[in-house]
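Here the chain labels run A, B, C and D in written order, and each chain numbers its own residues starting at 1.
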Amino acid sequence: MSIPVALEPAVLQKKTRAAGRLTGYMPIIALAALVAALTVADPGFLTQRSLTAASRTAAPLIVLAAGATLVVLCGGIDLSIAALASLSTVLLALWLPDLGGLATPVVILVAAVIGVVQGAAHVLLRIPSFIVTLGGLSILSAVALVVSGAGTVRVVDDSAVKWLDLYVGGYVPMSFMVAVVVVALIALVLKVTPLHSWISATGYSESAARLAGTPVDLVKIGAFCVSGACAGLAAVMLVSRQFSGGPTMADNLLLPAVAAIVVGGTAITGGHGSVWRSLAGALVVTLLRVGLPIVGVPSAYEQILYGVIIVVAVALTLDRSRVSIIK
Amino acid sequence: AGGNDAAAEGACQPSDVRLVGQVRNESNPYEASWLAGGDAYAKSVGLTQERLTYDGDSTKQQEQISQLLAGDTKCLVMNVLPNGDSDTAPIVKGADQAGAYLVTQWNKPADLNPADHATWISHITYNGVESGQQIGDALATAIGGTGGIIALQGILDTAAAKDRFAGLQASLKKNTGVQLLDQQAANFSRAEALTVTKTLLTKHGNHVKGIWAANDDMALGALEALQQQGLAGKVAVVGIDAVPDAVKAVQGGTMTATVSSDGAWQGGIGLAIGYCVATGKLAVKDIAAANRAFFAEQFLITKDNAADFVEPKTNPADFECANVFNRVAGPLT
Amino acid sequence: MTAGVTAAPRRRTRRGAAFRDAGPPVALVVIFGIFAALSPQFRSVDNVQNIVDAAAVLAVVTCGITFVLMMGSIDLSAAGVMGAAALTVSLLVANNRNDNDFGLLGILVAVLLGCAFGCLSGLALVLLKVPSFMATLGVSAAGLGVATLLFAGVQPNISDSMLKGWAIERFLGFSCLTWIAAACVLVGWLVQRYTRLGRYAFAIGGAEEVLTLSGVRVKPYKIAVFALAGAFYGLGGVMVTSQLGAGLVQAGDGYDFSAITAAVVGGTLLTGGRGGVLHSAVGVLLVMVLTNGLVQVGVSPYWQGGVEGLIVVAAVAAAVIPQRRRNQVVK
Amino acid sequence: MSVPALEVRGLVKHYPGVKALDGVDLVVRQNEVLGLAGENGAGKSTLLKALVGLVTPDAGEICVRGEPVKLRSVVDAADHGIGMVFQEQSLVPNLTAAENIVLGSEGAAVRRGVYRWDTMRRLAQEQLDKIGSDIDPLARTDTLTFADRQMVEIAKVLRIEERSQHPPVIILDEPTSVLESKEIDTLFAQIRRLREFASVIFVSHRLDEVLDVCDRVTVLRGGQSAGEVAAAGAEPRELHRMMIGSTGSDDHYHENAAEPVTAGEPRLSVRGLSGKTFHDIDLDVAAGEIVAIVGVHGSGREDVCRALFGAEPTTAGEIRMDGKKIDLPGTRAACAAGIGYVPAERKIEGMVGPMSVAENMTLTKQKARCNGPFVAPRKQAGLVDRWIERLSIRTPGRDTAIGRLSGGNQQKVVLARWLVGGDIRLLLLDHPTRGLDIGARSEVYRLMRELAASGVATVLLADSLEEAIGMADRILVMNDGRVAAEVACPSGGKPSPLDLVKEMV
C-alpha cells in the first residue's frame, strides 16, 4: 500500500561515475583528514610509535564493529556486543587457569552461541533486534556481575593470550593484525559466496528476500552469531591487554562501535555497507577518542568536538544514492 | 619486575618534566578538585599539568595511556586514578616499558606492588574498611545504638565499594542493636541514590532510622529523598569523601558524618612524588617500603570538626620533596 | 461545476482503541498484580505514589522521544541535552555559584536550550542527511561538553524555593513534578492528536515519501519534532535538578535508553507510524513498576538489571503476538 | 476550438544510459479523456511525472491552457490544476482517509497548525461525495479495501480543484492494473463523471480498456510520440501496431497444442488445506497443466497461493509434490521442492530494488551461479546474459540496479529468478502480467506455455477473467475462502466469462 514511489534521488542523477567511486573512498579520506588535523594540532602526534599505539588500541573496537556490521547490514542492530565482550573477559579470565590455550576458542564459541540465542529470539519471537539485544545487554551484564563476584578477575598466567600483545616485525601490533585478518576474512567470505547477496537482500528488503527463498532467518541468526564471536575475540584482546577480566570492562565500547559502523558509511537501515568501511570507521573513532585529549584539547571541548566531528564524518561517508530516505 | 633502572636514577632538568594527571571526568566535584590540585602544584614548580579524563571508561583510559606512552616519555610523570583494580596492571606495565614515573591512587589489585617496579613509585589510597566502619559507628551512635538502617552501595565491582561495605559489616558486628534492613547499589550516583532511597523508604517505612552511603554523592541524593518524603532531619545520613556540600551538611546538622579524602591533595601529591624522583631529589631506592603503597591519613568529620574541613587545606609545604610522605597513615594491608 | 451526487449513506468503520493496543496495558496490570501479591509494601498507597512520582522525569523524556520514534527516527541525545539543561537552570535560578535569580525565566531558558539542541539534531538529519542515530549521538556528546564547561569544577546547588518546591510539595498526594509530567503527557497527546505537527510526525513514520508526493515539505516538520523532543528533555533536565537540588552533568544518564525502552514496551514501533504518547505513558509506568517491584520483593541488586531486561523482552514478545502478520518484517 | 488544457512540446529527459523521453509532444483538450499507450519503458510514467513536477525535463516545454509553465514540485503542478494518481498507490496508511484526502492542502481543516476534525471530515466528505463513494472519512486508510483506497486517491487528487480556478487535469497512471473487473467498472464511471468538469489522462496496458474509456489515444514509443487515434471505432490491434511498430500476433495466449500429462501422480496435490482466510482447499495440478484460480477480492485465493509457497501459515491439510509430502511453512522448503512464486506486489515483495539485475536473478537459485560454495563470476555473467537475451529484458546491463528498469522488465527478471536453476516444477504466479505491456505480456504467456510444455505445473492468479480463460487448462472458482466450482477450460472448449462470474458471487 505505501509502496515507496520511485522518487529519483536528485543526487543520483547528477553524480558522475567518478564521484560515485569517490564515496567508496570517503571513509579513508575522512581518516586521512583526521590524522592530518591531529598532526597540525600537535606535530609530535604523527610518529611511528604513536600510530603503532593507535592501531593496537583500535584492534578490539575494529573486531567488535566488524561483527556488528553484519547485523546492521541485515537491517538490525546488536546493542549487546559490549556487554557480551565484558562477560567474555570474565569467562576467559576464569577459565584461563584451567583450560590454558583452549580457553580462547572456548570463550569465542560461547560468545557465538550467545549471539545465536539472541538472533533466534529476534527471529522466532519477532521482537525487534533493538529490544532483544537491549534486554540481552542487561541480562549479560547481570550474569557477568554474578559470575565474577562483582569484581575483576586477575589473570596471573597470561601466557595463553600473550601472543596477541606481540608486534609483527616490531611495529605492527599482533592484535591489529588479527583484527585486519578477521575483517579481511569476513569480507572475503561475503564476496565469494552467496552470503553477500543474501545479507544485502535481507537488509534492503526482507520480505522480497524471504519470498525469493533466501534463508532470511538463518542469515540473521548467522549475523548475530558472527557478531557474538567477534565480541568474544575482542574480549580476548582486551584480556591480553588488561591482564584481567571485568564485568564492565568493555561496556563503554558499545556506542563507539556503533559510531564506527555508521562513520564508515554503512547504512544503519541495512543493505548497503561493508566491514572494510567499519575498519576505517573504527580507526576514525579511536583517533577521536585518544587523539583529541592527547593533543591537548580540554575535556569539555573534547566532547563537543567529538560530537561535531562524528556528525560531519558521517555526512561525508554515507553513500546516499543507495538510501533514498534517511531516518 | 625490574624495569628501567637508569630512569629510576632521575636525571631530568626540572623544565623537561612533563606532568600528567588522569581522572575519570571533570564533571564531579571530587575529581575536579583533584585536577585543580594538580594544576596548582604544577604551577608551583613552573610547569603545567596535562589533564586527561576518560569518562569512567576503562578502555578509554588504557587507550589514552598507551597513546601517551607512545610519545616522549623520558621525563614523564603520571598521577593516575585507575578506573578499577584491573586497570592498574596494564598501566604499570606500560609505564615500566616506557620508563615513565607513575603514581597510582585508589585502585590496585592486592598482589601488584610498586616495590617490585622501578618507576612505579607509589600507590596511595584511603582505608575503605576503616572509613566504612567509622561512619557506620557514627551512624550507630546517631540513632542511639538501636534501630534499622539501609545501605547504599557504590559501583559493585570497585574495591572502594567493597571495602567500605566490609567496614559497615564490621561496624554492625560491634553495634548489635543496629539492624541492616536493606542494601542496594546506587553506583556512587546522586540520582540513583535518590530513587533507590525513596523506594526503600516506602518499603521499610519508619523503621529506617539511618542511611549509610558509600560516598557523599549518594548521601546527598539520600538527603534529597528524605526531604521529599518529609523526613528531613528525622533520619541520620552518613557518607565518605568530604565533598564541600557534604561537609556543609554535616556542619549544618542535616548529615551526621563523612570522611575526608582530600582530592586537591591527591591531585598534587602524585605529581609531587613523581617530580621529586624525576629530578633526582628523591631516589626510589631511598623510599621506605611502607611508603611505596600506603593509606593516606583520613579523618572522620562530624559536626564538631566540620568547620576545619570546609576549606580543603592543602599546604604548599606538603609537596616539598622532604614532606611528600607526611600524610602516610600506614602501609597498605 | 461538480455534478452533485447524492451522498451515499456512510459506511461506518470501527474506530477507537484496537485490540492490538491492549498488550501493554494488560502487561502493566499483570505485572502490577504479581508484585502486589508478592509484597504487601508494594501495594501500599505510599509506594504507588512513590512509583508514580519516580516516573515523572522518565515520562517527560519519553513523551519527547515518542514523537521522534513515531517518525521512524531515533533520538539518543537525551542524556547530553538533560545535562546541559540541568547546569543551565541551576546556574540561572538562585544558586550557590552566582547571584542569578531568574526563577521561571531561568527554567524557560533551560527548556529553550533543550529545544535548540533538538533543532541541531534535526538540522543535521535534514540538511547533512546524517541518520538520526548518529546525529543525536553527536548532539548528546556536545551537550555533555557544554554541561561540563558550565560545571567548571564546583557543584551548583540551587536555593530557588519554587524549583526546589517542585520536588517536595504535594498536591492530592503527588509531587508537583508528577503533575508537571501529567501535564506534559496531556500536552503531548493533544499535540499528537490535534496538531499538524503531531499528525505529520505520525504520517512521516507511516509513509514519508507519500507526504513528499502530496506536496508536503517534510523537512521543517522533522526539525520541529526534534526541537519539540529537545524541549521535553530540557524540561526533564530541569526536573532532575529540582529533585537533586543541584545541577549535575550526569542528570540525564541512562534516560536515553530507558525512554526508548519505555516507549517500545508501550507499543510504539521503532520503525515509526505506530503508537503515541499514551502508549508511552503506559510503557513508562510498566518500567517503573518493574524497577520498584524488584526492589520491593528483594531481588538481589546483582540480578535486578538482568531480570528487568528479561521481563521487558518477554513483555514485548507477548505484546507482538496478536500483531503477527504474514511475512511480517521485524528489524 | 478552445485552448488545450495541457500541451507538451518536445519534452526530453535523459537518464544515465537511457533516453526516457526523446522529444515527446502531447495535447490534452478540455473535458476529454486522453489515453496514453506504449510499451513498458516507453516513457509514459516519466512524461506524467514531468507534468506534476516530479521530474525536471532536460528540454522542451509544458503549456497549461496556452501558458508555458515550469513545474518544480507537486505543489506547483497542483497550483496549475494538475494532479496525479500514481502507478503505485500513494496514501499514508496510518492516517485517516480524510487526512489523506486533504493532505498538503488542508485549507480550513487546519487552522494555525491545529486540526479541526469536523471541518476535515466535512471537506473529505465533499470530495468523496463528488465521486459517490460511501467510505467513512475517519476510517484509518489501512483498514480500507484496495478499491476503496483507490477511491480515496481519486478523491484526494480532486482536491486540486480548490487550488486553481480552472478545470483540473487529472492523471491516472495505470489505475486499473490492480483492480477487479467490478471495481474497474466503478472507476470508469468515475472517469466519465470527471470528464464533465475536468480533463483526464489515463494510462493502461489493457488496450481494450483504453479504447473503452478514452476519447482519444496518444501512443508513445521509445520516448517519442508515435501517433494518435480517435478511440471511437479503433481496434486494439491498431494501437498495438503503433506501439511496437509492427503487427503483433493475434494469438495472444499462444494456445497450446500439447495436452497436460494427467495420467499418474499429480505434480501438486493439496488436500484439506485451511488457513485464516481459506478453508478445506483440495487442488491437483498435473505436470504441464495450468490451473487458474479466480475469485473476487477477499475470496482468499492470494492466501492459498502464498500458503502453497509456505509464506502463509496453515492450520490443517497437507501438500504433496509428486507424491512427497512437504513441510510448510517456510519458503525454503517450498523452494527446495521445486516450487516458485511470483508475488503480485513486485516493488515490495518481488524484487530488491537497489540490487543488480544479476543478483536479483540469481537470488534464489544460487547453485546456478556457483562452483561449489563459491560464486563464479564468469558463470554468473554467462547465465544472466543468456536469460536477459532469452526473455529480451531491456536493461543497460546485468549490473544495473533492478529498480531502474521499467515495470515489465523488472517482472521478467523476477520470473527468470525461478527459471535459471532449471529445476522448477511448480510455478505459483500471482498476477504475473500486472503492469506489463501487451508485448511483454504476450512473452510471459509464451514463456508459460513453454514451461508447461516442458512439464512445469502452474497455478495462475490471472489479471483478468479473459487471461484466466485464455491461459488455463482448468479454472477453480473461489468464493469466501472455499472452492466454489471447478470449470474445465480445454483449448477449443473455453467457457465464457459469464459462466465464471456466476460462480464467483
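The working rule: contacts are C-beta pairs under 8 Å (C-beta built on N, C-alpha and C of every residue); 3 or more make two chains touch, one makes a residue touch a chain.
All values derive from a computational prediction rather than experimental measurement.
When the partners of chain A are compared with those of chain B, the chains appearing in both lists are C.
Counting C-beta pairs in contact across A-C and across A-D gives the higher total for A-C. On a Cα centroid basis, the chain most remote from chain C in this structure is D. Put simply, the C-alpha centre of chain A and that of chain C have 29 angstrom between them.
Centre to centre, using the average C-alpha position, chain A and chain D are separated by 42 Å.
One simple way to say how far apart two chains are is to compare their mean CA positions; for chain B and chain D this gives 72 Å.
Distance between chain B and chain C, defined via averaged C-alpha coordinates, is recorded as 36 Å.
Residue numbers of chain B whose C-beta contacts span two or more other chains: 25-26, 156.
Residues of chain C in contact with at least two other chains: 144, 148, 206-207, 209-210, 212-213, 302, 327. Contacts with at least two other chains are made by residues 54, 86, 90-93, 311, 349 of chain D. Listed by label, the pairs of touching chains are A-B, A-C, A-D, B-C, C-D.
Partner chain B is touched in their complex by these residues of chain A: 44, 47, 49-50, 52-54, 56-57, 60, 145, 148, 150-154, 156, 238, 241-250, 252-253, 286, 289-291, 293-294, 296, 298-300. Contacts from chain C toward chain D in the complex involve residues 1-5, 7-15, 193-197, 199, 202-203, 205-207, 209-216, 273-274, 326-327. Contact residues of chain B toward chain A in the complex are 25-26, 50-53, 55-60, 62-64, 66-72, 84-87, 89-90, 93, 109, 111, 156-157, 159, 162.
Put simply, chain D touches chain C in their complex at residues 54, 73-75, 78, 86, 90-95, 99, 103-106, 110, 113-115, 117, 125, 129-136, 138-140, 143-144, 156, 161, 193, 196-197, 303, 306, 311-313, 349. Contacts from chain D toward chain A in the complex involve residues 15-16, 54-55, 86-93, 141-142, 149, 309, 311, 331-332, 334-335, 341, 343, 345, 347-355, 359, 362-364, 366, 369-370, 373-375, 403, 417.
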